[in-house]
Structures are given as C-alpha cells and as structure tokens.
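Multiple structures are listed underneath, in structure tokens.
Each of the next two complexes has subunit A plus one other chain: subunit B in the first, subunit C in the second.
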Partner chain A sequence: MSDAVIEEEVKTNPQGDVITSAPVLETKSKKGAEAQHVVDPETLFFHAPREKTFITGSEAAKEAIRRSNVDIAISYPITPQSETMQQVGYLYAEGYVKDYYRGEEEYGVMSAIAGASRSGVRCLTATAGPGLMRGLEVIASWPGGRLPCVLLVMCRVVNAPLAIQPDNVELSYLLNTGCIVLHAENQQDFFDFPMVAFMVGEKPEVTLPVAVAVDGFFVTHARGWVHLPSADIKLPPRNCYHEAVPMMDNENPPIRIARDAPIQKSNFISYQMHASWQQEIWAAVERSRKWLIRWLGGLIEVVNPGAKIMLVASGAAVSQSREAVRQAQEQGLDVGLIKVKSLRPFPGRELVAALDHAEHIIVPEFNYVGWLAKEVKSVISRTERVMDGPRVFGGMSMPTELIMEKIMSSNGRLPNTHSA
Partner chain B sequence: MSLATINVAPGFKEYLPREYQDLVDNSQFTRERKVSEMGSFKDLVEEHPMCAGCAMTLFIRTAIVGLPAPENTIIIGTAGCGRLVLSQAAIPFIYGNYGDTNAVASGLKRGLSIRFPDQPKDVVVMAGDGGLADIGFSAVMHGWFRKEHFTTVMLDNEVYGNTGGQESGMTQKGMVLKMAPTGKKFEKMDMIGLAKTAGVAYIARVVPTNPTRVAAVIRKAVLIARAVGPAYIQAYTSCNIEYAIPTPKVMDDAKEVEKARYGFTEYFTDEAKAYWEHIEAQRRQAKTSEDTTETAH
Partner chain C sequence: MKAESSYCVLPGPEGLLPPAAATQGILPPEDGEALLEGRIVSEDEAMDAAARALLTRKNPTLFPGPLMLWGWTEHTREKSVPFFEIAAEVPGVRIIPMPDYRPIYPKIDPEAVINPCHPNLTIWHNKIEACILIGVHCHFANITLKMIRAGTNCYTIALCAEAGHEDAMMSVPNCNAEKIAKFAEALRRVKRQGVRPLYAGQGIIPSGWSQIAALKGHGNGVRPEEVRAGAGHTASFSHDLEQGLDENEE
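Up next, the complex of A and B:
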C-alpha cells in the first residue's frame, strides 16, 4: 500500500512546458563557467569538434552566450525576444553569467549596458521591434562612447497597428547608428554570429557595439540544425585595457579624463570634436571588415555566381531565396543568390563585383520600405537592374512562389543583348 | 586606483602644469580634507563656467570635499547646469543621454563590483531635478527598488535652468515659468517620500547654507551606499537667474527657503543606522588611539 507511487502534480504553462522554480545550484563540483576553459576564438569558431543538434534560434543564442564568457546580461521582456533572455537567465542561475537582472524598460536597459560596458566587463542584452525603438536614443550613443557590447535584435513589427509578427523594418533605423550590424539567416548563424560579435567589437581598432539581428519567430521559435562545439570551452574574457578608450574604473590618472565630454558649447572646438568623433566611429566600422571577413567567411556568400538573374537577401529572406534558386534551376533558369551577412560594414565592393555581370537583381525583403534594395542601389552602378521586392511585412511569410514570379517576370523582360 | 596612479615619474613633474603638480602635492587625493580648510588645498573642481553667485556651484564644490574616496569615485551626470562643473572636476565623469543617469549607474556599479570585488568603487549620480524627477524618473525609482549600491544627489533648483527656465516636476505649485504660463498646476513632487517608499537606505534634504553639513551628508551617503543600499540627497541649489535672485542675496534666499520649507532632514533605515553607528564608533576609537599616541610623544 505504501509502495503505491503517487504521481506528483506537475504544473505547466499554457504551452505545456513544465513550470519549475529556479534551478538548484550544485555547490560541490565545479559548475558553470568555472568548469569551462578558455580557448582561442578561432578554435571555438572553426577547429573544435562540433555535434549536430536540432534546436530553436533562441536556444542557439543561449548556447552562444554559454560559450561567450559574458559578465553581465540585462534583460527586458518583449516578444519574440523574451525566450532568449530568459534562457540567458538560466545560464546566470547555472553560473555561466556573473550578473543578470531584469531592467525597468529598454531605455533603462540600454543605459545600464552603457554603464556596464564603461566598467570594462563583457555585456549582453537583446530586444525586439518597439523595444529597439525605445532604446534607440541610447543605442545610437553607444558607438560614440566606444562601448563594446552585443545587442541581439529579434525583428518584429514596430509600426501601428501594433503586432508581434515578423517584419524587419526596425533594422533600417539601426543601420545609421554607427553600430556594427550583422543579420543572421538561420539558427546556425544565430549561434555563430554572437560569438564573433563579441570578439570583433572588442578588438582594439574597432571598440564598438555589435548588433546581431535575426528575423523573429521564423528563426527564434523554429528549430533548425545547429552544429555546436563542446560546452566546456569558452571565449577569452574581455581585455578592456587593450581597447581604444580608457575604462571608467579609476585605474587611470583621474585628471581630465571625462570621456563623455559635454561639447554643447557653440565654438569650433566643439564642432571639431563631434565631427572627428563621428568620423572615427565610421572609420572603426570599416576597420572591423578584416575580422568579419575572416571569422564570418566573408561579408557575403554567393550561390551560383555569374548567373544573369541574381537575388540579394539578408536574414530569413536568404533561406526562402535559396529554395527559389533551387526551383528556378530545376526549370533551367540561370539564377544566383548573394547572402548579405553584414549590413554594417556594408559589403559594397563585394556586391559590385558579384553583381557586375547580372542583368536583373531581385531583392526579397521582410519589410515594406525595402531598405536592403536601397542599400544595394547605393553601391552598384546601373541601378535600373534592381527590381522592387518581393516584399512581405506585418507577419506575412514569403512563399517561394513570390520570388519565382519576380524571376519569371524578369526573365521575360530579359533583353536579347546578352550575346557573346 | 591608488595614489600612485596620479604621481609623476621622477624627472617629469616640473614639465607638468602647475595645477597637476598641486593635485599630486596638496589636494584631497593626498589626505582627507575638511570644508574649513577649503582655499588652503587644491580643489578637485575649478575653472567652471557657472553663473556668478550660483548656489549649485557652492554645493558641488563642498559635496566633492565630502567624498570619502575621490580617487575611487565616478560621477554620473546628465544635461543641466551641474555637468558644466562636474565635467571639469578631476574625477572621472560620465555624461550620457537625457535622464539615463541612474540606469547607467546601475550597470557601471555592477560591472565594477565584478571586476574589483575587494576594492570599493563609489558611484555617485549628480543631476538636476528635471533629470531625476522628470525624464529620469523611471530609472531613479527602479534603481532604488532594486537596492542598487550608489548615491543619487539631486541638484534641485526647481526649474530647467540650462534650457532657459521651464517648469519641472520639482517646481513649486503656482510658479509662473516657461511652459507654465499661468502658473504650475500641481504640487512639487515628493521625492523624499518616494525614496522612503522605495526603501532607500539613507535620505537627506539639505540647503548649502551649512557647507560642513553638506560634506558630512555626502560622506555618510556614499559610505552607506557602498555597504548597505541606495542613498538619496536632495539639495536646494537655487537658480538665481531664472528666479531673479540678486547675486548678493543668493544665500539669504537659501536661508529663507530652508526656514520655510526646506529644513534639514535625515532618514536612515534600521540597517543603515546600525551601520553608521558602527562607522562612527570606529572613527571615535581611531581618534582616541591617535590622541593617546600623540600624548605619549
């Protein structure tokens, strides 16, 4: 009778996930970050053996943060980002992140990140759509403060009528802040890019914040194949004294080191200071190129180079474009694809070279304004080759039929000038 | 940081500006200074561009004398008159975005605690009434509720002075100012009451009529923030320009306001009180043993 097993009541949330209290920490054996050892970044990026897993984009980001030697992570909930930062909260509870809290709202969170980065620690936050807009005043000041940190952006609708659905129009606002901006295509990218982001942003000649964007839900909440290196290795810690500016840690001579100079006086010294500072930010963005090329394997990836019709895409639109290229090739059409991995620095020269031969350029986008098409047009010649869209927004998916329609219409319009 | 950081390598000192030599030889960095000694040692604040007779400037100068460890203090400010002085002090100063001070302070203090677990680094926010009670309100309140370990000093001139005299939440009801053309329609915000509600460990309200007291409450606030929890000082620092106070009458105004509605008040949580009594006892003991040693000589 007493042997009868009484099944404990298990509480679940509406999605059926088990609700548990905070994980109990093991105190005896080595745990969390203490059980990891530091490896050279390239060992982690390229050489460490990897295992294939099938996980969501949010879980992929969590695994990246586990291996990134993060000191402080500051969170604030917003769909579809919350999943990731609450997973980072578990990493804190497990000892992989040294400090973590839920901030008051995004303006406060981005400001606290600015404070934490000035103290010399490695810091992380993440947001989405309206949260990015709320924090943008601060985010736009990070580069001027030369504050390395990583911001994950899970793109979603920002405009009215408000919605939580995927749409990456928010990136058009982020592009001109002076932050480095990477755009992850899939779960694997969302594992690899954040680790690269920490290492690039903290390079002495760069010393800048890095945003890693991903399209919400399509990647964050869907599973994909991710090759993961072992969890017992991690990136080297931030070495703040090797960066471009002094830390606010009073380990420098105290006299006249106000880094955040108030230059609101109307005189030429103030104008010169602001101007040179901004020039230096964008020069630092340029200097990040060599590291991004090395660690991302180029700022672009080209599929079927030399095709007459070229698709150019970033983020989840790349995955849809890959499938469209496959379908087009089945039909005997000469179609290629350029995946843009880095939006800032923008791969201008690479695009000029890879698109030089193209007769038609199609830029599929998950937003109404077509910011990537504008970016492409800003660097190439013969911009009449760029066709609008297809563009979907407000949560719509992008069936490959939409891309195929564009390909077919461009193919129909192909002038007979392509004679050798 | 140790004082070694400001010392100069042998042979180079004479080539440094006189003001730097003074900082090394005769300033608050070399030993604790009293307000009564001001003028006889090198101030950490100088050459500020503030208006003649500004009470805020007097407050900031004396407040800095009260810092218990200036060599390990970082000051955070926001837009407003105060930062014009603070950015020229020989103390690292962060000037971020509008109303971000207490959020920046939270991240900075936590980061410094990770990097220097055994070396207290004091973070002090010094910002105006607009910066803290209006645009920075959310970060101020949440920092207090989270029990962040830093000090917040409000330079309360009851007006947006730097932008040219607009009403703030800390302006008194009825005052006619820019953006309050028919007089302010609601009461001065009770930030002291809000600080109590939020569980702030040490709260003081001061007027710079008594400079020694200003330095004393700053010292108390910073030490309590370091060990116990958030500290808040609200200082009446009149704007003689926007309130048209004749320059020689600035201190008369301060005395009147102090008497009428801004009297010195101090509030400790039980934990802060116990901690402060402990500090005082230690100080007395140190003084006694010092005196004994001197007598023995």
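Up next, the complex of A and C:
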C-alpha cells in the first residue's frame, strides 16, 4: 500500500466518526525504518529536539512504535484498542514494522507473541477489557517464560452487561501476573511510556513483558499536546543474546537447551525449583526499578508536596485530580497530588515518604473495587487516613466536583459524602 | 543505586525458601562495583574475599554454563582462556558443567553435571563448599543460587557477563575476559598475602564422564589446554547426558 493511498483513505470508527491519522512527519526517504538511524535511549528520551503536535492517544502510541524499532506486531481488534493497532498497521505499510497480522482471538494473539518473543525479536501487542481477560492465561505465563514484549492495554468495562466504555478494573487482574505495569495519564505518556517499556523489559537483569495501560477513550480517542522527537531516529534493536534466558536460535548448536523446563514431577525438588523460579520473576520486577526511575523520572510525580490533603491517582484520574488540586488551591485549600506512573513495581517506599505528613489521602479511581486504594493501604502506615473513593465506573466520567467533595469533607467543611 | 538492605546473603543452609535478595532491597551493582554478601563494595575487595573462600573451603568447584561451553560469540571464546587460568590457581578444583537447563531427573549424575532444577544434588554429593557460576544465563543462575543458599553451606560466586547476581555471596557484573583474568590475579594475590590453599599441591580433580575420558593417561594436575581439548566437544555433553535419562519416570 502506498503512502498516497493511506493519506486519501477516510477511516471511521464504529460510530461513523471520521478517524484522522497522525500528522505525516517528514522523513528523508519513504523507506520507513531504513531511513531512520539508531540512537541510544537517553538521546531519544531526553536530548533529541521535540516538536509539539496535537494528536490522539492512539496516534501518540503509533508515533512511539514508529521510533521503537519493532519487529512484529500482532493483535486482535477490540474497542477501544482497534484504532491504535490500525495505526500500527499504517506503520507496517510504511516499512516501520517488519511484520504485522491479526490473530484469531486474544488467546492466540498472546500465544503468538510468546513465540515471537522467544525467537528474539521485538514484539508489540495491544488489547482491551474482555480481550485482556481472554488472553490473561497466556499473559500470566509470559513473565515465567522471561518473554520481553510490550502489551498496550486500553482499559474498558469487562463486566456484564456488555459495555465498551471506560473502566480500569481489568488492571487489578494484571497486577499479579509478574508483568511490569505502567499506567499512562495522557497522550504524552502514551508516547513516552511504550518506548521506555521496550528498553526496560529487554534489560538482561529484567527480561520481562511490560504492560502500558491507558484509560480507553479518555486518552486513546481524545487529542492532546504531545512533544515528538524526529521520526528519523529510533531505539536500538533488541539484543536477544544478552538476556536472562537463551532465545530460540535454530541456527546455533545448543538448540537443545530448553529454557522453559517442565516442572511436573511430584516431589519437593520440583516444587522448590518452581518456587525459586517464581521468586526470580518478582526479583526481576524489582530490578526494573532502577531503569524506570531513570527513564520515567521516578515511579511517582508529586505535585505540591507537603500538603495535608494528598490525592493519589494513576491514569486518567491524575488529569482530573490535577484540575481538582487547581480548584482547591483557588479556594485556599492545601491539597497535593501524587501521580503513580508504575503499578508494578509499586512505588511503596516513595509513597511512604511522600505521604508521611499527610492527614488525609484521597484515591480517585475509574473502577468499583478501588485497587489503587488497596495498593496504597498495603504500603503506608495509619491506613485510616485513606478515604474511600471517589470512584466511577461503567463508563462514567469523573467530574472534578466528586474529588472536590472529598477534599471538602476531609477538610471538615462537609460531612463525608457517600460513594462506592 | 546503593544497597540499603540489612539482609545478608550468606552461605546457608538458610531454610526451606529463602527470599530472593532483590526483594529484600539488594539490587545489582554498577559497573566497577561488586556485591559481597549483599553489600556493594569495590571489585578488588569482593574478589579478594571470594578468592579466600575458594582457596580455603572444601571441594572448590567451577560450574561453567552454556555460555561458556559453546562458542555462541567471540566473546564467549575469549573468556575460556582466563576461566582455565582460574582453575589453574585453585588447587584441588573440580570443573562440573551445567550444559543444559532441562530438569535431569531422577537419574542425574552429580559427578558429571549440575542442573539448575536441582543444583543441591550436585553440591551435596560432592560436598562442595565453594563454587563459581560462570556462563550461566542469568535466569537460571538466579534460581540456582537461591536453591543452593536454601539447602547447602556452599559459598557461591557468580562471574556474570551482565548485571550481576544478588543471590550469590559474591558477584561481579559485566565480567568480560579481562575481569575474569582479574579474579585469577586476585587468587594469586591472596596466596602471596599468605592464604594457604586447603588442597595445596593438588591440580584439577577430574570429574564427570567426558572429563575423565579426556584425562585418561594424564593423571591429576592436567594442564588447562588438555582439559579444553577433551571437554570442548559439543557431542560429548549431548550424548553422554541422555544415557539413563527417562523423563517420564517418577
């Protein structure tokens, strides 16, 4: 497919809205990845000049993949992920992704990604809500297989009755798989985080899959300002001979090395080996901290440190919380915010330090179960400081008034309001 | 990042299921540093301590893994020379390979191989109290090191080509041929400082079928070049090890 055809094609979403593609960025030639040159991660992340663009979250992810030297992208369409992988399809047509196809469904997709990762190439997939749940059995096997890849998760409702709207309860299932899990707040994060994810997951001492989650629609389908480096540069390729396990190389003699030993004997030694293996997965998650801190600028971001009332949020709830903090400060209230960028590894020590002084802790979330509040309570002392909610789910948006009510009630101005 | 944990990585047996050191706050050192019992120290300090352990504890053993046994890269080949330099500096040392990561159960020959699925069998059988893991992929080195710490009193040394291993008593990251040679020099240095090797006067102890076959007629104290000539053949591992192995047998 030529570039010209891509630009003339009018795409629509299921609602019939026209989907526009990201701005076409000038490259030195039309040969896609061949026109790019490899730079070290620090250069791409921090030093390369950036240009400000106004694009959707899906387009931001596309631009990240364009610069990530991806070998293969496999997925199965599901709202709200479909548009992003459609964008990645354009990259395949343009020569930025070497292989790209639609799997039969998510179980097959995640299995195919496992095979691709074992072969030593850089892999991308993406899913959403029920698709994540369907693929979860395989996804939970990735860390034990030490399979670096990037999984984009565009969160949506998973519960019956069927709905395709925003809700991130699915992340509570993903947190205990052994995958590294990042949660992007906005379009800029959805550009930056996937590139960091590739580099961290492929570090030899880590060698793990990384999920980059984002709240569907709020970020994927909405436009925001994104600072993009030149499309002429890209990340180094995956170095599969420097990882925690041998890749499957049929051209080299020791192909008989089995990297995923079947541990099926009913004896203590087998149990012990499996236990040690599981410990190693979570140890590898811990080793990712150093790189995430370096390349994400910390596992958390703190706004107005020292405030007596602190909001703690991840994903799109951070943006709503930023606005609530602004409104609260206009009213003379001392309110701060902690943005949690990384859910696994969880920034326990950072939260303990940043919340030590706080008298009230409010955790706004886009799900019923309040998984982030539980995570926060699991690491801090005096957990009675954590207020319940506000939480919205099933596709609801989160008006800042909900957060303000919590702030006001915690400040003694209103009785504590009821929410889920 | 400096280690901030109070957890110490010491010879065991530590118990049923020791924690992974990384989850106790011990993380890999930067290049030029090393981990010694969970503390980040200079390479020289760590190497000297490990050299003393290797020379003075019972049945010192080198465990070369697939990255040392096969010529995956030129880098791998380069490292085999200082590897045998280390062997030559440790009287009474054994060389027991870890050629494969598949579980070899129940008929492992603990004199011939060590396996990451049950490394303690080889340690126990040979009463090994100090060892070096080298050329083992990091994932398998880590699970092995934890199991050794759980059930044995073996002092573990990991000379790692990547980031290093928190679960070893001593680990040096980014171990290229130069750093491996530096460890051989540490062995010479501590001997000059007065450390008397436990097995002074002995050479390399033959161990395992392939090595024993290679050493026929040479006796003890064989030169490293001769060991390499016999043990470096891929088929010697792949065929010998499968004899007597029934993976379906309980």
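Everything that follows uses one rule, which is that the second predicted complex is superposed on the first by the 376 of 420 C-alpha atoms of A that agree within 3 Å, B and C clash if a C-alpha of one lies under 4 Å from a C-alpha of the other, contacts with A are read in each partner's own complex, and residues count from 1 in each chain.
The rule is simple: a contact is a pair of C-beta atoms (placed from the backbone, for glycine too) under 8 Å apart; a residue touches a chain by one contact, two chains touch by 3 or more.
These numbers come from a predicted model, not from an experiment.
S.K.: Now for A:276: first (subunit B), second (subunit C), both, or neither, which partner does it touch?
M.R.: Only subunit C; A:276 stays clear of subunit B.
S.K.: Let me test your reading of the model: by the given contact rule, A:408 touches which partner, first (subunit B), second (subunit C), both or neither?
M.R.: neither
S.K.: Please indicate which partner A:121 is in contact with in the superposed arrangement: first for subunit B, second for subunit C, both, or neither.
M.R.: first
S.K.: Give one of first, second, both or neither to describe whether A:141 is in contact with subunit B, with subunit C, with both, or with none.
M.R.: First partner only.
S.K.: Looking at the overlay, does A:289 come into contact with subunit B only (first), subunit C only (second), both, or neither?
M.R.: Once the two structures are laid over each other on A, A:289 reaches subunit C alone.
S.K.: After the superposition on A, what does A:387 contact: first (subunit B), second (subunit C), both or neither?
M.R.: neither
S.K.: Now for A:205: first (subunit B), second (subunit C), both, or neither, which partner does it touch?
M.R.: second
S.K.: Is A:164 in contact with subunit B, with subunit C, with both, or with neither (first, second, both, neither)?
M.R.: The answer is neither, since A:164 touches no partner chain.
S.K.: Please identify the positions on subunit A that touch both subunit B and subunit C, taking each partner from its own complex.
M.R.: In the superposed arrangement, which is not itself an observed complex, subunit A uses residues 252-254, 256-259, 261-262 for both subunit B and subunit C.
S.K.: Please give the residue numbers of subunit C that touch subunit A in the complex, ascending.
M.R.: Within the complex, subunit C contacts subunit A at residues 1, 17, 19-23, 27-28, 66, 69-70, 72-73, 100-103, 105, 116-118, 120-121, 137-140, 142-143, 146-147, 150, 161-164, 166-167, 234, 238, 250.
S.K.: Contact residues on subunit A for subunit C in the complex?
M.R.: Within the complex, subunit A touches subunit C at residues 146, 203-205, 207, 241-246, 252-254, 256-259, 261-263, 265-266, 269-270, 272-273, 275-277, 279-280, 282-284, 286-287, 289-290.
S.K.: Spell out the part of subunit A that touches subunit B in their complex, as residue ranges.
M.R.: 71-72, 74, 98-99, 101, 103-105, 107-109, 111-121, 123, 137-138, 141, 145, 248-262
S.K.: Going by the contact rule set out above, which residues of subunit B touch subunit A in the complex?
M.R.: The contact residues of subunit B facing subunit A are 1, 5-6, 20, 23, 29, 70-74, 76, 83-84, 87-88, 90-98, 100, 103-116, 121, 138-139, 141-142, 146.
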